[in-house]
Structures are given as C-alpha cells and as structure tokens.
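In what follows, chain A forms one complex with chain B and a second complex with chain C.
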Partner chain A sequence: MLKKDKKWGIFFLAPYTISLFVYTIIPIICLAYFSFTEYNLFNPPRFVGLANYTDVLTSPDTWRALRNVGVYALVYISLNVFLACVLGVALNQKLKGMKIFRTIYFVPSLLPWVAVSLIFTGLFNPVYGIINQFLAVLGIGPLQFTFSKSWVEVVSSMAIMAVWKGVGYASLYVLAGLQNISEDVLEAASIDGAGPVTKFFRIIIPMITPTIFMLMIFGLSNSLSVFDSFLVMLGTGGVTSSEYTVMSMLIYNNAFQFNKIGTASALCWVAVAFVFVITLIQTKTEKRWVHYE
Partner chain B sequence: MSKLKKYSGKAFSVFLLLVGAAIMLGPFIWTISTSIQGPGKAYQLPPEFFKPPFHFENYLRVWQEGNFAGYTFNSVIVTALSIIGVVLADSFAGYGFAKYDTKFSNILFLVALATMYIPSTILAVPQYTMWTKVGALDTYIPLVLPKFLGSIGGIFLMRQSFKALPNQFYEAATLDGLHPIGIFFRIYLPLVKPMLATLAIQTFIGTWNETFAPLIYLTDREKYTLSVGLLYLRQNYSENLELLMSASMLTMLPLFVVYLFAQKYFMNGLVSSGVKG
Partner chain C sequence: MKKICALLMIVVLLVSCAGCGSSDKKGDKVVLKIGVPNGDDLTPMEIIDGFKKENPDIEVVLDETPWSDFKTKLKMQISAGNAPDVFLTDSGYAASLGGMGAAVDLSDKIKNDLNRDDYTSALDVIQDGSGKTFGITHSLAASAVVYNKAIFDKYGVEYPEEDWTFEEMLDIAKKLTKDTDGDGKTDIYGLASGENITTGWLPFILAKGGAPLDDTLTKSMFNDPKTLEGLETYRATVNDMKITPDRTWVTANGNTTTAFYTGKVAMLVCLMGTTNAINDNAPEGFEYDAQMMPIGWTGERHCIYVPNQWVIYSKAKQPQQEAAWKFIKYYLSEKSQNAVAESFSTIGIPVRKSALEAIDKIDTIPANKAAFYKGLDKHGITLFECPSWEEWKPKAEQAIMEMQSGAITAKEASDRIHKEVKALLSK
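Right after this comes the complex of A and B.
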C-alpha cells in the first residue's frame, strides 16, 4: 500500500474504533464499577464494596443457575458432538440426494429460538405431545420432559431440543473436517479387517479432533448464553422458578426486571469466571487428545 | 465380499439419514397440522393430523388480531436497517484492516479479537444503562445504530476477502488519479459481492431471530418485533396452541424462503469463517 495514504487507514477504521471503545471497552469498565455499587438506574451508584459478590455467591439461586448451565452444557455438548460426527460421516457418502438431506438437517439452525421452543412445548407435553405418543408405541414413558419436577429432566430436555436445532449445522463442520481424511487410509483399514464401527472410533474420530474441539468451544459459549428457550418454556413474565434458572436468566431478572444493576453486574463477572475456568480446563487438556497435522 | 460390505455401509448410512430426517421434519409437519386445527384440538387423544375442517383463519386472526402484521413490518424495518448498517460498516472496517497495515490497525485488531470472547448478554447490562441515560429506550436506535459502526465477526470475514485481492489494483488506480474512497467503492467493493451477500444473509437471520435486545429495549407493544411478539402471544394465548403455531409459522416462513433462494451463500459463510482456512 502506498505510504502517503496511510492516514486513510485511520479514516476507514474510525467508525469501528468508536464502536469498540464506546460500545465494548467502556461498558466493560462500567460493568466492573457497577459490580461494587448499589445502583437502580435512577439514583447515582452507591459504593458498597464486595457486598454484591458476597450476596451473589451466598445466594442458592446463583449455584442452581451454574449447576443448570453446567448440566445443560454437558448434555448438549456431548450429544451434539457425537451426533454431529455420526451425521457428518453419513452425509459424506457420495450418493444422489445428499443435498436434500443436508438441507433438511441444516434448516432448523436458522430458526428463531422462540418459535422452536413454542413448537417443543407442544411436542414435550406429557399427555398430548406426539413424542410421548411415539414412545408409548415403543413401550417407553410417558416422560415429563420440561414439565417435570426434576431439574435434571427439565434441563436435559432443553439441551435435547438444542441438539435438534443445532446438530445439522455442527455436522457441516464435521463434513468439512472429513475432507482431510484420505480415502487410502480408510481403504487400508478395511483391508486390515476394520469394520465400520472400528473405523469410526479409531480412525475418523481421532483425525477430526480439531473440529471436535472447536465444536466443544462453540457449544460451551452457546450453553452459557442460553436464554430464549428457557424464557419461553419455563416462565412467561421472565421470572422463572429459580429451580430451573440459568445464568443469563438471573442476569436478565436482576438487571431488567428488578433494576438491580449492581447485583446483575456481579453475576456477570461470576459468569465470566465460570466460562474462563472451563475454557482453561478445555485448553489445558487439549494437547492430550487433539491432534493437529 | 468387500464390495458387499461397502454397499451395506452405504445402505446403513441412508437408513440412518432417513430416520434422522423424520426426526427433523416431524416437528414441522406437526406444527403445520396444528396451525390449521380448530380451537382445543391440539389437546385431545388420539392426536389428529390434517383432519378437516381446516381453520386457515387462524393465520388471519394472528395476522390481524394478534398484530403480526405490525410485528412483521417492524421486523422488516429493523432487519433492513441492520443489513445496510452491517454491510457498510463491516466492509469499511474490514477494508481498513486488510489494506492499511499500520501499527494502529494491528493493535486495534488484536484488541477487537479479544473482545469476541465476551458474551453479549453480559455487555447488555452496561449498554442498557447507557441507552437509558441518553433516553433511547423504546426506540429502534439501540437495535440498529451499533450495527452502523461495525462488529468484529463480520469485519473479520470482510478482512479475509479483501486480503485475498491484490494490492496492485490500489497502486494502479492511484496512478490513474482515483481517490482512496473511490478505490474502495469502485474497485475493491464490487469484487467482494459474494461475501457481502453472505454477510447480508447472516445479518438477516441474526436480526430476524434476535430476542434479547428487542425484549429489553422495547416496551411499547406496537413497536415489538416478531420474536418478542411471539413471546407476548405466548403469555396471552398459552392455551391456544393452534394460534401459537400459526404465529410461529408466520415468523419462520421468511427464513425458509430466503434459504431456498440463497443457499450457496449460507455455505460460503461457513467455509470462509475458518472451517478449513
């Protein structure tokens, strides 16, 4: 690029620089400040030291929310990654009509969470829902899904819905990853007598570990920000029973329903710390099982 | 023998895909069937599928009484403005990062990448207090204005596309006396049209489906976008599953249509966002 034109670089980057400072960096600083204050948007913030953090960390709601997010993430990530791998391998066959399958699996990921959750409130209905009608034919159930009294069942059902919505999208990443595996390797394995299951677990999975790792990282960030579906399924006014709450719901209730900005800000930092710790564990253990070529 | 194995493998894959496809399509078929049922029909045993009489007026009720006409209009406005904003701002900044390699731009880019890891729900708290202070609550300004300044995801896509184009164009155009702004608009921008389409579609889906921001910023029911309108309908007609399903169909329809017509641009975004890069 011509040297004398360098000042034009600043011109092109000016709007984004403003955005980055005003809409991201200053808000982060404010969030840190608010977390040490009592602030309801109308009166000026009042400094309260660590009170918000002790409140938040001693509140059972916070721990329930973290527990729910944790279980949701566990169910969602493990099911989503496993099914995406199976689906990716199946979609990798060179057959006519594969494009139609890809479309069918991909489309749910485009849809709004609110609509998908509304549909699943109907499907999950313990008495009239068609899922239980099918399970009855197989001699299973009836299951309570999101209408259950048990939080594990509620949270797992929410995660299963998310898998239905997202697995097609995830499988496209697997499909892309599979393009790096040469046919020769699989051919050689077949000659050595490896069956399809052995090939799947011993060759295909180890060779797409970078893709799997990426899907896990995405899955974690999706799990932490899960909000719309819980809002639709579990509560109407936004104030849900704390038994089934998640972090973003707690933040939403405190900040936007009760105007407790200080408490909400402290919750935000707890959420950030939670992601940080899990991401740290993920990246520390990455070397043990992710193989880059 | 090995040939037989190969075919059985293929057959198994197809079987798996068919079962999966049924699981993926089932909910949609149920939704369509429920959306044209009479009141209360969704709560009866055994369940009925596509059994006349059909109540297509459910759609009309949601459109008129449920004000989905208004919500759709609002969503179209917000989405259209967002697309214009994102396409302009992200290509502007992406070009700045790609073609002007300065110390400032390098540092800015690193800082920007670091902010990608902050969940948007968390930033919403201080951003909301900011919009309260400037009196922008219950307007579309908080939903649209930030998009006119750029966001890192799209900027990254655009930066990659501009980087792939040779710098010689710039030098040649300068020799011909073209202004740096002219070089951007008349030479480089037309060359990245496919990526602009991808960005526009991603923005369309993101904004159309957005719930959190409209939920916290909009209080006047007349200003609601579709997803918040759906939430409102759920609060007030929770027993009328047939209306909820018609409304869901109305909300999802534009997404199906856009996907049908612009499929290749969806995959374009997926591949270039670093699947294999």
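Right after this comes the complex of A and C.
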C-alpha cells in the first residue's frame, strides 16, 4: 500500500519538480556559468573569468541603478506599509458599504503598469498636470515630479505612483492580519483608557508586525523588479537616462539590447547579493520588532 | 500503472516534439523561411506571391511578427540557431549581426549579380571597415522638414525654399515661436525635432561639420569641437532660444506629431512615415508641405535616413542561402520596387532609381514628397551603424536627454559620451 502511495506521490510531484528544474534550477546554473563568459547569443560562450564582474562593479551605471533601487525601495516600502496599515484599519470598521470601498482601493492594483504610467505621466506634468493644478490652489509648487532634474525627486515620484497602485492590495494583507486580533484585547485596552491612536500604535501595529514584515519583503522584491513604469515614463524611444536607471533595466538592456549575456548574468548576481544583504539585515532585526503569537 | 505512465510520457514527448521539427526540404523543393515583421504593411505580399510564382522549386514559409516584437523574437531564434533564412531588420541590428558573424557578407553577390547603376547609393550601406556588406536595403525611412502653411501665412513668413540653410530654419523658428494669448507661456513653437538620433541631435552635429564617429566607424568623435558645437546649438534650441518645446510640453501635448497637426508647432523634422499620422489625424483643411533638410553651416546638406535591411542568416544551409539571394534579387527587380513605391509612405522609399520616378506620380500629401528622397543619392547619410551601434547610440541618447532637460551642459554631455563610446569601440 505504502509503495503504491509512494508511486502516486512521485507522479503528482513530478510536474512541479520537473518545471522547478527546467525553469528555475537549470537557469540559475546557466546564469552562474554565463556570468563568467562572454556570450552574444550567437557565438559560443567564451570563458573570461571575473571580467564581467569587474566591468559591472566598476561601472557607474550599476551603482546608480542600486542607488535608485535603494531610494525607490525606501520610499515605496515605508509609504506603502504605513498607508496600508491606516487603510487596513479604516476598512476594518463595520460600516455600511465598506465592501465597496475595499473594492475601490483594490482596483488600481489590477491595472497594467503601462496604463498606470501613462495616466501618471499626465498627472505629474509640472505645467499641465492635475496634481500641480491642485497644489497651486493650496499655494504649493509647482513640483516637477518625474520631470525634475533631481534623480531623488524622479525616483521618489515613481515610488509614490507605485504606492498608489499597490496600497489597496497591501491593505488586504493588513485587513487579514487585523481580523486575527482578538476583540478582547482591543476591548481591554479601551477599558484601560486607550484612545484610537494609542490602540493603533500600541496594540494594532505590534500585533500585525508579522504582516508588516512580510509586506516589507514583498516591497523589496517589487522594488528590485521595477521596470515597465521607468521605461514608459522616463524613456524616449526605449532609452532612459542613466541617472534614472534601475537594475532590471540594466539587465534587460545588456541581455536583449546589447546581446551581452555575460554582463547581464553578472548584474543578476549583483542584484541577488543586494537583496541578500538587505534581507539579511531585515531578518537580523526581525526578532527585535516582529512579534509572533 | 507503469505502462500507463510510460505511455503518457511517450505521448507527451511526441506531441511536444511535433512542434519543434523543421525541414529544409519539402519533396524536391527548397524550403525558404522569410522573416517579415509587420507582414504586408512593410513587404507587399504581391512581391512574395510573385517570387513564389517565378520559383516553383522554392517553398516559401513566412515568419510574421509585429515590428515591435520581431527583434526580440529574432534574437531568441538566433540564439537557438533557427532564425529565418532571410529576414528584414533595422540597420543598427544588421550591423550588429554582421559584427558577430550572423549575417552573410553579400559584397561578392552584389558585385557579380547586380547592376550597381540601377540603384541609389543606399543599396548596400551596412558595411564594415573592410568592405564587407551585411545587408541589402529593403526601404529607406528618410527625413525632411514639414511645415504648417497656415502658421507661415498668418505671420507673413515665406515658405522655405530648397536651398534654405540651418541658420534660416532657426531664424524662421524664432519668428514663428509665439505667445498668442499673452499669458507668458509659448503657444506655438517654431521648430520641433525630437530627442532621437535621426530627427533630433544628429542633424545638428552634421550641420556644424561634426560627426559621432569617424569614417571608419571605429573612433568616437564626440570630443570633436564641431560635434560639440552641434550639440550646443541643439541644446540651445530648447534651453536658450526656446524655439523648440521641452519634454514637459511635448508630453502634455501628446507628441511632436500631434503638436504639429494641431497647429502648436510650425515646423517639424520628421521621417516620411510621420506624414501618414499627419494625414490620418489632422483636422480637415489642415495644409502643410515638406522641404528638404536645410544646408548646414559648412555649406553641405545632410539628408539622414534609416535603411532597413534584408539580411541572410549565416547559419542557413547553402541551398537556403542561395534561395534567399534569389529572393532579394527578385525584391530588387523593377516590378517589385514599383510595388514598394506604390506604398512608399508606409513602407519607405525604394532603392531602385526607376521606382523613385513612380513615387512622383502618386498623388498624396505633402505635395513636395520629393523633399524626403530628392537629396538622398547626393546628400544621403545613415546613422553611423557599426557592430556596437545598438550600445553606443543609447549611451549617447541617455546623456543627450539629460542635456536637453538642462541638467548637464553640452560639454559635459559630449565628454561623457566620448568617454563611454571610446570605451565601447575599443572593445
């Protein structure tokens, strides 16, 4: 009986295991191999030792891309997590019609990046954009957003756009986390005299820290893979200023524009190392602030 | 159970392998795979059909993909070793394929099989320094300046003549840059070009006597004082003279073409294909015409064009390579080139001299269509395509974009581009 079960187990596991090998493990091995070669997709790969890594690590483009990804991640993760928590708590109220609001906030996450980018190109326009028209009424601006000469403003604006798109989705995770908080705890806090702000910062936030931690990990991964919006909003004819480049664009350009598979593979490993270091820091600090029940 | 599993696996393998197979021969026929991006829009099917009819011993298989995806697909096919035997691609990629050995050298075939006098100089422009030719020009996307007649008439400015100069073009642009409602913002810009190589910065560099690369296409010339002068003038049109709109304005108004046919731009440097968008979208009664690219400060005129290429894949088998050359020769025949000429506004300008005469007889707007091709033979120049073109051009454009936004000076841009392009070419 056990032997028969084992066979069925292998049978059912086979599709996933095979695709894991074909689409994940073998490409990772190839990526490692190609990163030590010069390969243009036509001629056979030629071993060049660490030359690709030297090129990549001495190229200002790599450091600009990492800098931009870092700033993007910082703005995106902090704003996204904070607003998702606020929105999550707001949407957790037992009010009439709340389901409609949950849907409304979720809708932007369903839109394709290209559409969102085109919408925001108009919204961010310093002269004609609706955001600046609104800010002008308040006596602020005009802000340059993605049209600015400052890379910090450009990259931060891109992150703000991503927050608009993603916060509804993130708030659903927070909502799920909130629903695990026992009513008794909140009620006890109220009896002890805690107001809504105290409850939010002292009870709710600490109790959903595992969700917040997960959102941070997702946010980092999203930041590293950001691509379409930068290409659509900051590019002309497929070219984007190197001041605003990000890792995925560098990898794409090297692999598919310049046919430099070796350089692109080395860049992938640099990106992996970047994520590894940040995730390590996150994991090391996790114990200090993430509370599991 | 074992038998069922084994049987299932065999079926799956057979089904998946069925799609992978390809045959070079079908009976006695040679199978020729032709890569035609955008299908009939760029390569008239009557040419393909005519070729099939004349060559019953060749079985033609078309590999059609939209232009935007074709190159990505082609790169994957090349890496897998199963690219079409002959395919159409842009000139930059053709040069790159030549550099890596994926394109057949056609120089001997051109010498032996074609009468060079029948064709314009654009026939075989994708070459390396040693005289190898990596493609045959499928069609040209050539540049000229289109102008809005109503704006010229309203402000009493004469239409440009064929012998106009860059200096005159900038003067006209200054006269036609207007704040019509007096709110301090420009409503009509005199000149729109673009931030790209073809209609943007290269015309200015050439007009000043500079060049991005030297004649051998192996050395960067971005540090040349004349090249710098060209970049400075190009930058000044947006940042100092303010006769050309910046990116903020262009984005808010759609793009330069939209701005032109909505009367917000008086002159537009553009490629022939842009006139289709103008003709399709312009409001009724919109009148415009075209003029040749102006003469530069050196007294020389440069008519920049993009020569899309037919390339024969070097890993194609010998019978396929021969069939591919037969196809190219058929494409260059008078009959086929006249078919190209009939749809010149979407396909591009043909390379056979006799077909150019056919274009003149076609009644389309702009009236002066010749502005796009008249100077090609004498003043035509391509985009300095070399094996590293696909890499150096974006590098240059990255810096030029920053320069046009006012973030860096022309000197900073040229220094940076020179350093990067020099490093690339030295590899």
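Observations on the structure shown:
Everything below uses one rule, namely that the second predicted complex is superposed on the first by the 276 of 293 C-alpha atoms of A that agree within 3 Å, B and C clash if a C-alpha of one lies under 4 Å from a C-alpha of the other, contacts with A are read in each partner's own complex, and residues count from 1 in each chain.
One rule holds for everything that comes next: a residue touches a chain if its C-beta (ideal position, glycine included) is under 8 Å from a C-beta of that chain, and two chains touch if they have at least 3 such contacts.
Since the structure is predicted, the reported quantities are computational estimates derived from the model, not experimental observations.
Legend: residue contacts after superposition of the two complexes on their common chain; A:Tyr128 is shown touching both chain B and chain C. For chain A, the partner with contacts to more residues, out of chain B and chain C, is B. Judged by the touch definition given at the top, the superposed model places A:Glu243 against chain C, while chain B stays out of reach. Judged by the touch definition given at the top, the superposed model places A:Lys149 against chain C, while chain B stays out of reach. Within the superposed three-chain model, A:Val114 lies in touch with chain B and out of touch with chain C [touch as defined at top]. Once chain A of one complex is fitted onto chain A of the other, the partner contacts of A:Pro196 are limited to chain B, with no touch recorded for chain C. By the touch criterion defined above, A:Gly9 reaches chain B but does not reach chain C. Using the contact criterion defined above for the overlaid structures, shared-chain residue A:Asn253 touches chain C, although it does not reach chain B.
Legend: residue contacts after superposition of the two complexes on their common chain; A:Leu41 is shown touching both chain B and chain C. Touching of chain A by both chain B and chain C, each in its own complex, is seen for residues 11, 41, 122, 127-128, 236-237, 256. Within the complex formed with chain A, the chain C residues making contact are 1, 5, 72, 75, 78-79, 96-97, 100-102, 185, 195-196, 247-249, 251-252, 390-391, 394-395, 397-399, 401-402, 405-407.
Against chain A, in their complex, chain B makes its touches with residues 2, 5, 9-10, 12-14, 16-17, 20-21, 23-27, 30-31, 34, 42-47, 89, 92-93, 95-97, 99-102, 104-105, 108, 111-112, 115, 118-130, 132, 146, 148-151, 155, 167, 170-171, 174, 180-181, 184, 205, 208-209, 211-212, 215-216, 226-227, 230-231, 234-235, 238, 241, 244-245, 248, 251-252, 255-256, 259, 263, 266-267, 270-271, 275-276. Interface of chain A with chain C (complex): residues 7, 11, 40-43, 121-122, 125-129, 147, 149, 236-243, 253, 256-259. Across the complex, chain A meets chain B through its residues 1-2, 5-6, 8-13, 15-20, 23-28, 30-31, 34, 39, 41, 86-87, 89-91, 93, 95, 101, 103-108, 110-115, 118-120, 122-123, 127-128, 130, 133, 164, 168, 172-173, 176-177, 179-180, 190, 196, 221, 224-225, 227-228, 231-232, 236-237, 248, 251-252, 255-256, 261, 264-265, 268, 271-272, 275.
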